[in-house]
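Please find the structures below.
Okay, so chain A shows up in both of these, paired with chain B first and chain C after.
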Partner chain A sequence: MVMKNPKLAQGTRRKLVPLQVLVPIVSTVIALGIGLLIIAATGASVVEAIEAFWDGMAGSDFNIGASINRAISLALVGLGFIFASRANLTNVGGEGQIAMGGMFATAAALHGAGGLPLGLAFIVPLAVGTVAGAVWGGLAGFLKAARGTNEVISTLLLSFIALPLVYWSVESFHLLRKPISDVSSLPESAEIPDSTKLPLLFPDNGSPLHIGLLIAAIAVVVVWLVLKHSTLGLRLRAVGLNATASRRAGMRTSFYVILAMTVSGGLGGLGGAIMILGQQLYLTSDFSSGYGFDGLVVGLLSRGSAVGVVIGALLFGFLRSGSINMEISAHVPSAVVLICQGLIVIVIAGSAILTNRKVTR
Partner chain B sequence: MIDEQMAVFIGSGLRLAVPIIFAATGEMLSERAGVLNLSLDGMMLMSAFTAALASWATGSPLIGVAAGVLVATAVAAAQAVLSVTLRANQLVVGIGFNILALGSTTFLYREIFGPLSRDPIPGFAQLNLPWLAHIPVIGPALANQTGLAYVSILMVVVTWLILKYTSFGLAVRAVGEDPRAADKAGISVARTRYLGVLYAGILAGLGGAFMSVADSNTFTENMTKGAGYLAITAVIFGGWNPWYTLAACLLFGFATALQFLVPALQLDVPVALLLLLPYLLALVAIAGFVGKSRQPSALTIPFERGG
Partner chain C sequence: MALLELSGLTKRFGAFTALDDITLLIERGEVHCLLGENGAGKSTLCNLVFGVHRPDAGTMTLGGEPFDPRGPAEALQRGVVMVHQHFSLVPNMTVAENLMLGRASAVLKPQDIIVRMEQLAAEYGLEIDPEARIDELSVGERQRVEIIKCLLGDPQLLVLDEPTAVLQPDEIDALLAICRQVALRGKSVILVTHKLGEISRVADRTTVLRQGRIIATVAMEGADIRSLVRSMVGRDVQSAGSVLAAAVDIEGKTPAKSSSDVGPTSPGEAVLQISDLVYRDPHGVPRLDGLSLTVGTGEIVGIAGVEGNGQTELGLILAGLAAPSAGAIVVGGTQVTGCTPQEITDAGVGIVPEDRHAVACIKELSVAENLYLGAIGKFSRFGLLDKSARRKAAETMMRDFDVRASSPDVSMASLSGGNQQKAVLARELSLDPLVFLLAAQPTRGLDVGAIEAVYNRIRAARDDGLGVLLISSELEELMAVSDRIAVIYRGKLVGELAAGSFSREAIGAMMSGHAHV
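== the complex of A and B ==
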């Protein structure tokens, strides 16, 4: 870490603050522009593709609600990412944390939670899913603290371990797979009981928007308060900036590393639980597909700001809805959105030299 | 009966290990120079697709491999610009390239081949070396491999020789351990690291091309399935040593091949659990062993001259 003159460094950074906002916006616009060029290059009608895209994003109350529902889970994963990155930890295992959260929430909803009174029917599965994600993230934190295992590698590997576990659970009749009937024999769980489904916010107008929105809003405020206005946030930052100095100052750095990863994973697990209880309503082996990386990109784009996470999550929630519809009605492969996302990540990481003179890591 | 299944198991274990051996060997050299390429999986996927496409278009698997290596090297060059010159976070850049590779190969595959194409593409034939086949039990498995499989072992030897006996190898080690001292001694840190990353790209390209042109004679969406991450883990598990890294790759190959052996032996173990076995093994390996072997001191840390 090169910090020759702290005053000078501070001065430069203050001057460059607008760039930190500008870079994500410019790179997103450029990436979307390239996406449009690719669509045009395939010979598909760009107008038709954009129309299908817009229709899927926001064409009706239903589509708007579905897009926001997608954004909720992405926001939670993104919040988890910025929470860990406050302690200079990079949690790239959102996919696995979503998967574990969704799987355990399904198990709780199917086995016992349905009969609980007073809204506990869905609160208990949400809590169980959160804990499952927290354990999965905390495991990476523990390995980092105890063994020095790089959390990027361990969270990735934990994702590759979680996905077959979900596959196993929906494939085995003694676990979560529904009994074979004459109608269906697919490897998936039974639908969760009605009482465990998240209540809808506007049940009258057909919008699928559910109370996950309120849960995510609370999470945004709490994470923002903790990171910006609490001793805990300050300590996480200190541990991330200089673990040795923090240890000498009397902080238990291992505790904060494990805590940061546990909270980060818990937010991902909550995101997975909300996906099952709010939208999917039954567990399939690939229900988490792509959400982990989307949430990671959201976290990266936000540059550590909770408000940035909200904007990024909405952007990607709407993009995902749009791209799905574009594939169905305009026959443009939705993978074009992946291309845009990859470009955004690369450009933002590459421009870190502009926005941050400090050598990272 | 059991013997036959063991031969099939050993053969498929070796085949599954080959792409990881290629990628891990190149990555090991790059990491010794201080650059971690999380984009390894993306390089392999891009190469697998390009090799399949070029082989299908020209009818020559050799041209396929060359095209695959070229594209993987281009990705590596981009990764090198970002990691070395722009001093970006190497891990984040790597993930970006992996998303880009998954998106672009899936997109192009659907555009060019259509969603349902399963036509085999021209690939390499197995060599069937008679003098190897006579070895009991493992002989047939060793002999029935494509030429590229033997090249992977050759590359391990070459990489070991480069690191140990050439001035470039010495520069790589110096740059990875103490870039400032290396710089003062007149070694160009940037040039050495660029070459290291490009070397990783070439080998990852060979590994990816092996998957589509030599192993399965087809391309499927996301066909690497995280093989690049396994290769990176093998490097850590192997303690940045070419021979131990080779051993780790073989271990991962055989762990993956168990998912074919266990059902064939009619053992009652869920296939899903066998799918996660290589990754679990990798996690246990890096958590358990990384403390013992020291990683290159400057790994993932960008170097700025005159600081």
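== the complex of A and C ==
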């Protein structure tokens, strides 16, 4: 009934825009406040902790760059999540797609890409990592299209396969493990050649910020265009909302399911490749360390908006940097920040129910 | 004294007034029908009486006492029960178990339920196996369970919200008989419907609602059906002949066909040829069993039959949503057997599917998006949508086909069923090329005004030289619109009647498998 009156609908929407901006901010503040209480409860100095936290997030050009670099990979996984969710598919396998992307990018960088000219040295590993992630996501899409396997389960289980694959590859000398030079040699790959590392945007001021930022920015614009304004976006939406009606209207629904999961996985794979080529520079067994799940949360909180993904990724990227520094210099466990992240999610998700209820009333 | 008294009831949803100053008496022992187009406020009125919504103004009394239910629980306590359009039964539990749900007693005694069910079966003819699982029952039987659930507690007032929309003809007869039985025992029945035929068969009095107001309350003895129709839609229905005949069906008379309704005397060349079509479901049961049929250009062929005799499967196969096990389908010389929906569309086939919500449209998308669902690429440049061009084209199409919506950008879900169906017809009849149209249950759930529009579109398509296959469970509709009626029984066509020789009795006999022509 309300839908029939466009004036009314507009009225409620106008009121809601600030609410949708306000809610995440307020929930972040509340969550951080609770985090401070926990820090105080552990007996650590709250002032020291805040200083260390701020320093880690944005205390220097280096720290800002590192925070943004973290946000880049989170944003790519988040974009992948909203791409799949446009077709009503839930890709929870970001962790595995990052792992596959990072592992294959490392392999490409170590074996062959290093000598390529004209920037191809890092472009080829990026592309290889993207394809690896795309295959990992596409596999879930194929299972869904061919056998109806629930993609939530298949992407999750594919992650449980991908993570041990990375472990295997860094444990095995036949694969990516570097030769043992002394007793302290860890199971990890050799460092990638300099030519395959992502070029820095500001090489002079010591910021680690690299061109992954540009790649992510392009990805944001492309995903936004495709989802909001393209025929492909509309077809994905139609297939996700009602597969039978879409099939009747001439769409190949299996194709779009596989495509959505492939692109989604590819974005995750790209995120993983950027983590290796931009920051970590060698492969370790646990290099993805929760980025896939954080990226999933970023995608969830954005509610399908590419801009929301950017904001969420920056928030989580900075929080992660701050928490690492807080642990190192103020001896506050970084788990406190994880608790805060969890609180942010719960408060935002909870308030989403409230705002939704206002829309439907 | 009246059982239920409504005075000045008003209900608003936001700025929309769903009910406006309703004053109405429901007598004891009467079947009171509520009649009106979609959105007239019939369901809202029921929901107020059942406590689902609370009125913004006005009062109710029940049996002389003030009645202001704060929720269905309170209404139930006062002896008001309601059967909703959508059933609330647990599919994987038995009938008896479902009936025990929601009983307040802490100790459940299945034998008490079974004894009570036997009483109800004796009193009202409501027979059903207490041990049957709900998901094994037909729609009609499930509804019977809902009614039993209502009658368990010996209520005063039974409210039925469009109970016949989902039923087959024989089930409708049974339901109307039950309503009469309930009323004979001094209880009252409120029956929401937009089928005039039912009203003339069961109602003691009828109240016509339009735009949330009462237009008239009429005692049915000696009432003029035509004036009821007029007050329902607010105007004279054009070409009233066949529409009224189809909708009214007073005492099951054969509707007369006016000469203008009859198509060209001799249909042209075959546009659809189905030969020996066989379809087995996943369990290997043959749903279509050697069906052969030809539709010529410029004719409407109706398929009559009791539901579940293969009509649904025939519709799905023609739409390309199911692949036949054997047989061939040729459209205008092109083989389309087992082809994809896109290939079938390209061969010139328009489909108005039986299940509008599941197959024909995507209710969350806008009207414009639905009108061009099969041609998303038509309004695009470099893969990006040209939304303003699409909006313009959609506006033209909506004007041509009288699809009423405030804008092409509103969601399909916000349209009435009639306008949704007009949009589907607009899309399918605008296909190019187009030589054949399948219309499966095209007027199901629509109000009289929309039914008329659908009939006119189908006839116009026929007059333009299309071959039309009309699958319907409404016999009156088939007799009013078709040039030829074929009867389907257990997946086969068992007989055929040409225009002018339609007879309810003959078709009915063939539908039940008793006679061949």
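Some observations on this one:
Criterion: the second predicted complex is superposed on the first by the 314 of 361 C-alpha atoms of A that agree within 3 Å, B and C clash if a C-alpha of one lies under 4 Å from a C-alpha of the other, contacts with A are read in each partner's own complex, and residues count from 1 in each chain.
What we mean here is this: a contact is a pair of C-beta atoms (placed from the backbone, for glycine too) under 8 Å apart; a residue touches a chain by one contact, two chains touch by 3 or more.
It should be emphasised that the depicted structure is a prediction, and the values quoted were computed from it without experimental measurement.
After overlaying the two complexes on the shared chain, residue contacts for A:I192 are found with neither chain B nor chain C. Of the two partner chains, neither chain B nor chain C is touched by A:A107.
Ranked by how many residues of chain A each touches, chain B and chain C are led by B. With both structures placed on the common chain, the touch criterion links A:L338 to chain B but leaves chain C unconnected. In the superposition on chain A, A:R248 makes contact with chain C only, while chain B stays out of contact range. Contacts of A:L227 after superposition on the shared chain: neither chain B nor chain C is touched. Legend: residue contacts after superposition of the two complexes on their common chain; A:A31 is shown touching neither chain B nor chain C. On chain A, the surface patch touched by chain B in one complex and by chain C in the other comprises residues 2. Note for the complex: chain A touches chain C at residues 1-8, 225, 229-232, 234-235, 237-238, 241-242, 244-250. Every residue of chain B that touches chain A in the complex is listed here, in rising order: 38, 78, 82, 86-89, 91-93, 95-104, 106-107, 110-111, 226, 229, 232-233, 236, 270, 272-273, 275-276, 279-280, 282-283, 286-288, 290-291, 300-302, 304, 307. Taken together, the chain C residues at the contact with chain A in this complex read 13-16, 18, 319-321, 340-342, 345, 351, 353, 358-365, 369, 373-374, 376-377, 380, 383-385, 387, 406-407, 410-411, 413-414. Put simply, chain A touches chain B in their complex at residues 2, 38, 42, 90, 92, 143, 147-150, 152-154, 156-158, 160-161, 163-165, 167-168, 171-172, 293, 296-297, 300, 333, 335-346, 349-353, 359-361.
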